[in-house]
Amino acid sequence: MPGLEPTLTHYLLLAAALLVISLVGIIANRRNVLVLLMAVELVLLSANLNFVAFSAYYNDLSGQVMAMFVLATVAVESAVGLALLILLFRRRGNIAIQTLDVMKG
Amino acid sequence: MTFSLIPLLPELTLLAALSLILLMVALYPSQDGTAAYRLTQLALWVALLALWLTQDIEEPQLIMNGMLLRSTSTLLMQSAALLALSLALLYGRASLIRQKLWQPETFMLFLCSTLGVLAVIGAYHFVPLFVGLELMALPLYAMVALRKDDALSIEAGLKYFFLGALASGFMLYGISLVYGATGSLGLLAIAHLAEGFGSSNTLLLLGLIFIVAGLAFKLSAVPFHMWAPDVYRGAPTLVTLFISTVPKLAVVVLLLRLMSGPLSSLLTEWQTMLALLAVLSMIVGAVVAIAQPNLKRMLAYSTIGHMGYLLLGALVGNTDGSSAAMFYILTYALSNLVAFGVLLSMNETSDGDSKNADGKITLSRGSDLEDFRGLYQRSPIRAVLMTLAMLSLAGVPPLLGFYGKFAVIAVALINGFVWLSIIAILTSVIAAFYYLRVVRLMLFSSRSEGEGEGEILPAIGVIPRTVLTLNGLALLALGLFPSVLLDTTAQALAWTFGLL
Amino acid sequence: MTMMLALIPLLPLFAALFAGFFGRRVPRHWSHWVCCAAVGISFILSAVVLYKVVVLGFTEINVTLYTWLDLGSTKLTIGFLVDPLSALMMVVVTLVSFLVHVYTIGYMKDDPGYARFFSYIAFFTFSMLMLVMSDNFLQMFFGWEGVGLASYLLIGFWHTRPSATKAGMKAFLMNRVGDFGFIVGIGLLFATLGTLNFGEIFARVDELQGLNVSLWPGLEWSLLTVACIGLFVGAMGKSAQVPLHTWLPDSMEGPTPISALIHAATMVTAGIFMVARMSPVFEGSDTALSLMIIVGATTAISMAVLGLVQNDIKRVVAYSTLSQLGYMTVALGASAYSAAIFHLMTHAFFKALLFLAAGSVIIALHHEQDLRKMGGLRKLMPITYVTSLIGAWALVGLPPFSGFFSKEPIIEAARFATVTGHTYAYWALTLGVFLTACYTFRMIFLAFHGAPRYGASSHGSHKASHKEHHEAPKESPKVVTIPLIVLAVCSVFAGILFITPMLFGDYFGTSIYGNYVAHDAMARLYANWQGVLHYLLHAFQTLPFWLALAGIATAWYFTLSAPTAADRLVKTLGAAYGVLKHHFYIDAFYERVIVRGTHSAASWFVRGGERFWSEGVLVQGTTRLVQWGAQSLRYLQTGYLYHYAFAMVLGLLVLMTWWGIKK
Amino acid sequence: MSFSAFLFYVLAVILLASAVRVVSARQPVHAALSLVLAFFTMAALWITLGAEFLGLALVVIYVGAVMVLFLFVLMMLDVRQTDQSPRWRLHLVPALVVGAVMLAEIVLLIVNGTRTKTESLETSASMENTRELGELLFEDYLYSLELVAVLLLVGMIAAIVLTHRQSRFAKRQEPAEQNAVRRDDRLRIVSMQAETETEDDTVHSSEKREH
Amino acid sequence: MNVPVLSLLIWLPIIAGVAVLAVRNVDGGRPSRWLANAAAWAAFFIAVYVLCRFQSTSAAMQFSERVMWIPYFGIEYSLGIDGLSVLFIGMNALITLLVIAAQKAGSKGSYLSALLITSGLTYGAFSARDAVLFYIFFEAMLIPMYLVIGVFGGAQRKYATTKFFLYTLFGSLFMLLALFYLYGVSQTFSLQAWHHLPLSLYMQLILFGAFFMAFAVKTPMWPLHAWAPDAYAEAPTGAAIMLASTKIGAYGFLRLLLPIVPDAAQVLAPWMIGLSLLAVIYFGFVALAQTDLKRLIAYSSIAHMGLVTLGFFLFDAVALKGAVLLMVSNGLVVAALFFCADSLEKRLGSYRLTDCGGIVKAMPWLATLLVFFAMANIGLPGTSGFVGEFLVILGAVGYQLGVGLLAATVVVVGAAYTLWMVRRVVFGPVTHSSVSAITDLGMRERLLLSVLAAVMLGFGLWPQPLLGMADASITQLLAHMALSKL
């Protein structure tokens, strides 16, 4: 097991924990779509943490560059997601996740 | 540093078209999609031309600082993607008008996504690869929900968006671990760095697992397929066609590329994982489709099944397997185009049309299997083309689809994947059942008295009809001379494998 | 020679084709002229052949026409083997056939299927000739089945009668059961010897001795015995031996000329002929001989008993035919092949005569066949009566009629035979003589003697017009009576003339082979032979003669002297009479057990095998399974986003667990 | 334990806690605010790892833009506190089990995979980092940058296309529909029975006229 | 020999079929019928030419054509016929001609087209020397058949045709796997090469299973027959004949299964013999219980195919020759019986036996011919049916008396259901009111059936020319099968 001094492993474990928390959040979420959107943000954030940690570990900036691009991408993703959310709200009057079951089977 | 923009000409063409449309919208906000459509078609063909003119066919080359690969295989797949979009737009033109999506923005989204597809096919570095994937996917989310007044469309868009974002997360997490294991993001570099790595390098392994999960989502392989039926069903049909064809081309290239190059040191893991996905996909795709009353949903499961077969070829992990998989996706795309081409010519309606915005949701109509009952009497050409498509998808010789199945199963069996091959043939029999059901409804059944008598199918324009017919006949012609396509893929790969 | 031999069967064939294809378009008389002429010429040619064989000493003419099939190891050829045996058969067949053709002109003159009928019987003649002239099993089987087909078609000739078509089908199927054995027998010989040619088989029959055949590994039987039994089963079918006899009485549904030609004189004797032809083979198996003698004796006695209780005139003659076929079979079993063939010949004459006479009576009474509705025809139909009487005497075996000369040696041979069962056979045949006399003369007395019973009681029983009803029966026309007379002449003289050469001379030469050391019945007969005259005189000292007379007397008592006695006897016998009336319940057994069993088995196969297993389990079962799978997998697709996500995470977890943790 | 270690643990705890809060808060607004906190913490972590620019960018882009957008939408949609479905806890159990197992497996694999990678992380923070990043972005990663540019455009187009509401009553021409009109649609020729006035008809019509 | 005769034979009907489809609505369909007839005649004459020019003394492939077709897999467009193929090519030509010629005015162009295409594909399957080529012809036949049954078939056509398609596909896909395996081992799809490919017994057994699935379905053999009665019964007459008469499944046994995996065939022969005997008896009984004329014919055909497969697995020259002859004969007989059934149906509107009865009065021609064909079905000597049946039984008796006894039951059972059918249809009282009103066969039908009858008769009286053509090849096949490939 890693020691107390934060090493690469610590960061990776932190990212993993973040990932799992958000995954649990996604699959246990029975409320609204917005929270889902936020949880997805967290997933990508955890990956980014990995990139930055590895970048530091290897002293290689490409990881940071990647994280940079991811940031941009996620921002766009949020925008699209929110737009969809608004659409949903307009059509249904709510953003409850349980009602999204018209199509199934 | 300097570099030539010439090799980027295809992408730039699309980008230029995109910008032009944007400009037009800005200048004439109330215009319809006609100009944008023409411009898009033009751009696609110019891009295609540019693609062929700017390629050095013999030598694969890495450009843009090793980020972008230009090789015969990328040329082939990019051309296929452009061509597929062009055909799809042609077939879907009337449908877009009917569905009130005849607006410039639609084509902009298509162009963006196609740009992403080209990027993914060419990407030889994780950064442009990921960005490309997102560029490919994000417009799709919007496109799926493009029918803003249709609850199904919105629901599909949301489901696609969230699951897609989750899958991107997986993918990204996987990439980060691969980066961590090797210290590089360039595929070429990774291939060198990871050469000796076995599965004992658990960082790489974990990365692989996440990447496979991400790819499986894009391919809609079971159990990452759940989005597909709903999205196919809810999206405007043209978008469904697009989703089921064009991005798949890119993802297949991506899969083969990662498998054959950077992550080839974990080939056994690849194989076993893909085998699991393939088996599940084949079974679920074949079995569940049987119970579907809606053609679009059915085709979604059909896609799932087809991805199973594709994985069967891909998991072999050598040149033969890759070329089989690539060939397979091409045959699939061609057949799918015909099937959707017919579907697009049908009269689809949705609850958005009925103007009842009181929150009551009615399922959109026009794509149910029942709508195809007795189609032959109403429109022989549609019925015949659909029959060709269905038989090709079912893999009955001498149609093109057969050779796709032939190639993947042959490769798999010869390389010792016997049980997978047996499952493949068993599921393809089951799958044949539901494809035939469509044929049966169209050709052997007739509408009962008084039902749908007054319903007249929309006419198909001369050009779409001609092209669609040619496309349908191509299924047969290429079935008689499959070498045309098979050799092309095989040669494309033979020259560039390793640098896929 | 080849040409001539080929013409003998082919002429009737051409005639048949002519009548069949053009018969309905040309005047009716063309059909009968062509057919009669063809068969007549055949008869003449056959006679010439017989002459050549007997007198000019061509003892064996073997002609190959063409190679039917070249199997590499052997050639199956089509050809003729003419030796005394077949030459005799040819003459008998063509003669009887010719007479029946002539007779038919009169008998069938009002029938709408006139040409068809001629076509069929000419075809029959062709097939029968192919059968007797063949030099190999293949061709014999061809003729064998050809006569079967003709018989089937002719029994069902009046196809609107369900009973007729049913009888035809029954005849065919029973024959098929026989063929089953026949083909297996042929197959065994072919498998061992690799040839179907008679000559080659006879030459190499010794190789078969001591060979065994196994039904399945472990169960071994003597090959020769199995082969012989197989062949004999074929003969049983064709020659209607118990228990494959029930088709013959039913075949009386056919027109009477057919009964005479096919079901008395020629076709039914094909089995006898075949066994005689195969004598070298049969001599090798005592078991088979023994089986024959027992089956033959059983047939002879049991069918004679049944003959007593028949009221249909044709059925009486039919049962007598069965009984006489039993006699022949016994002769075969006793290795007295020549006796069998001799009886075959004489029987052909007198039985054809009886049938034709019966037919003559039937026409006269407007298709009335019930004996109880006849009587007193003696005066009205003198020629028919006299010829019938001659036939009856011959049948009963009264000296000096031909039946005597042929039947007596058979009884003797049974006595002298060495195989198991010969004693039973001897007593059965002896008793059979009494019974034969009984039923034959019962028939004669009921039909021709006593008071007329036709007319009043037959009112409305058939479709003839009322005007005809009240006309008295009259003698049949010349085309009917002339054949009767010719046959009667034959019946009288055939025996006395031919017994010496055929039984005790060397007429048959090598065409019939008997192992006279092991099976010495014929040898012992020969030892006792002192010439025809002596034989005639000796007859009065033998049991059969007196039994025959007793039989005639009994028949007279029950029919003419004390008609009521018969009814009383019936009452006394009670249950036993019932058994006889139902033909020992054999028909019922077939109907209830075999036919119904087959049908229920068939429907069980359809229900259990086809509907349940093939369709239900294999097809529907698979379909249901897949559909069930589809529904359950569909159920997993709930539509909820979190379930979809859960599936993805779960998938990831599986991948991770399987491939990650395995390390 | 060095300060950097201490900082790491503090930040880690805050990050995880806020992450848990994001997915479990009853009020969407609370979730959003927790997310903001998570972003902040993450930014801090990145800065400790020497990625100052990235950390600041995170704050600027996410806290400054994205999360504001979130809150904006939240307010606009007026999303109130929504209760979990009654059987929420029932669903939570499998989720937690799966999460726990997955976490355990990832930990196992990562710990196993980084066994050789024990050297401490370099945190050589300097302004060069940003510069180098910039150089990389605009030279080596130019192609990707262009792609991202298009991607941002997509975000714009998508958001506009999806949320732009056409006024249903606005009078606009629909050229497509106009083009699609056929002759029959424009003019309908109705064949009618020629009217001839009969006695009855005149009576009726006169009656009608009166009315 | 530069003219690609076989290609012509294959593609002429197919192209004509497409052309017929194209002109099907022109001028009331007359040109399409004319074209179809012309194509059928042309193909027939080409087939006759092939038959005439065929060197029957040689077992080698003749009329060879070889072109590389799919170089990637080394798949050749390789055609050639030997003594086995030539028989079936001849039969296919005859059957096609009759089927097409039998179509009266008013029949649909698409129907004719499908029949022609099927016919062309059948020629292809019989002359293919490359396994994949064979497979493609073999499978492609499914499509026109599927469509024809589905569109023009009887009341249960949809169910029947789906079942037919799926069953056949199911079986043949297993064969495809076997082909792949063999390709993997030998790097070629040439059948000729595979005939000499050494294979372990274990592999042979597996390959046997795969091939068996394909051909047992197509033949059909118990227990994979469930599609056949339905498909035969529901198919329109022409299609039913093409389906039942071409014997492509049994041909597959001869061309692929036996020569490629002879040792496995030897090992499994007892099982195959058991299945064949089961088929003979079981289907015989099932036929006995049928109430539908076409179903009865169908089951009769299947029962006879049991005898054919029995002949294959006895490994006996006589039996094998018999089996081949029986295939030809049964093809002719089944065609003839289906034609008769069709003639009846056209007049009575039903295939039910209870609706017929007593037709001999109204239709003496049909009755005569039907009885003749029934006799051929029974295997009466002098008809074609006898030759094969007789030889197979001879072979069976030689193999094992028990087998022979069971095989010989066909003599009785076959006669039972056939005669029962004849009695119900031809003879007996008129049960159906319309029977008395119907007319006899027209000139066309009469000619058609007479031709068939004449062929059967000729074949029955002198089968040597027919066997002579196949003899060398059969002998070679037997010699080949006797050599172990282990």
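Read from first to last, the chains carry the letters A, B, C, D and E; within each, the first residue is number 1.
We take it that a residue touches a chain if its C-beta (ideal position, glycine included) is under 8 Å from a C-beta of that chain, and two chains touch if they have at least 3 such contacts.
This is a predicted model, so every value here is computed, not measured.
Shared contact partners of subunit B and subunit E, listed by label: C.
By the count of C-beta pairs in contact, the leading chain pair is A-D.
Distances from each chain's CA mean to the overall CA mean are smallest for chain E. With centres taken as mean Cα positions, subunit E sits 65 Å from subunit D. Computed from the mean C-alpha positions, the centre of subunit C lies at a distance of 37 Å from the centre of subunit E.
The distance from the centre of subunit A to the centre of subunit D, each centre being the mean of the chain's C-alpha atoms, comes to 11 Å.
Residue positions of subunit C touching 2 or more other chains, listed in rising order: 634, 637, 639, 641-642, 645-646, 649-650, 652, 656, 660, 663. Among the residues of subunit A, those touching two or more other chains are numbered 8, 12, 19, 23, 26-30, 33, 36-37, 48, 53, 57, 62, 65, 69, 73, 76-77, 80, 83-85, 87, 90, 98, 100, 102-105.
Chain pairs that touch one another: A-B, A-C, A-D, B-C, B-D, B-E, C-D, C-E. The residues of subunit E lying in touch with subunit B in their complex are 69-73, 132, 135-136, 139-140, 142-143, 146-147, 150-151, 157-158, 161-162, 165-166, 169-170, 173-174, 176-177, 180-181, 183-184. Partner subunit A is touched in their complex by these residues of subunit C: 634-635, 637-642, 645-646, 649. Against subunit B, the residues of subunit D that register as touching in their complex are 106, 108-110, 112-114, 139-144, 147-148, 150-151, 153-155, 157-158, 160-162, 172-176, 180.
Within the complex formed with subunit D, the residues of subunit A that make contact are 1-2, 4-14, 16-32, 34-35, 37-39, 41-42, 45, 48-49, 52-53, 55-57, 59, 61-62, 64-65, 67-69, 71-80, 82-87, 89-90, 95-96, 98. Remark: subunit B residues 126-127, 130-131, 134, 138, 141-142, 145, 148-149, 151-152, 154-159, 161-162, 165-166, 168-170, 172-173, 175-177, 179-180, 183-185, 229-230, 233-234, 291-292, 297, 357, 359, 361, 363 touch subunit A in the complex.
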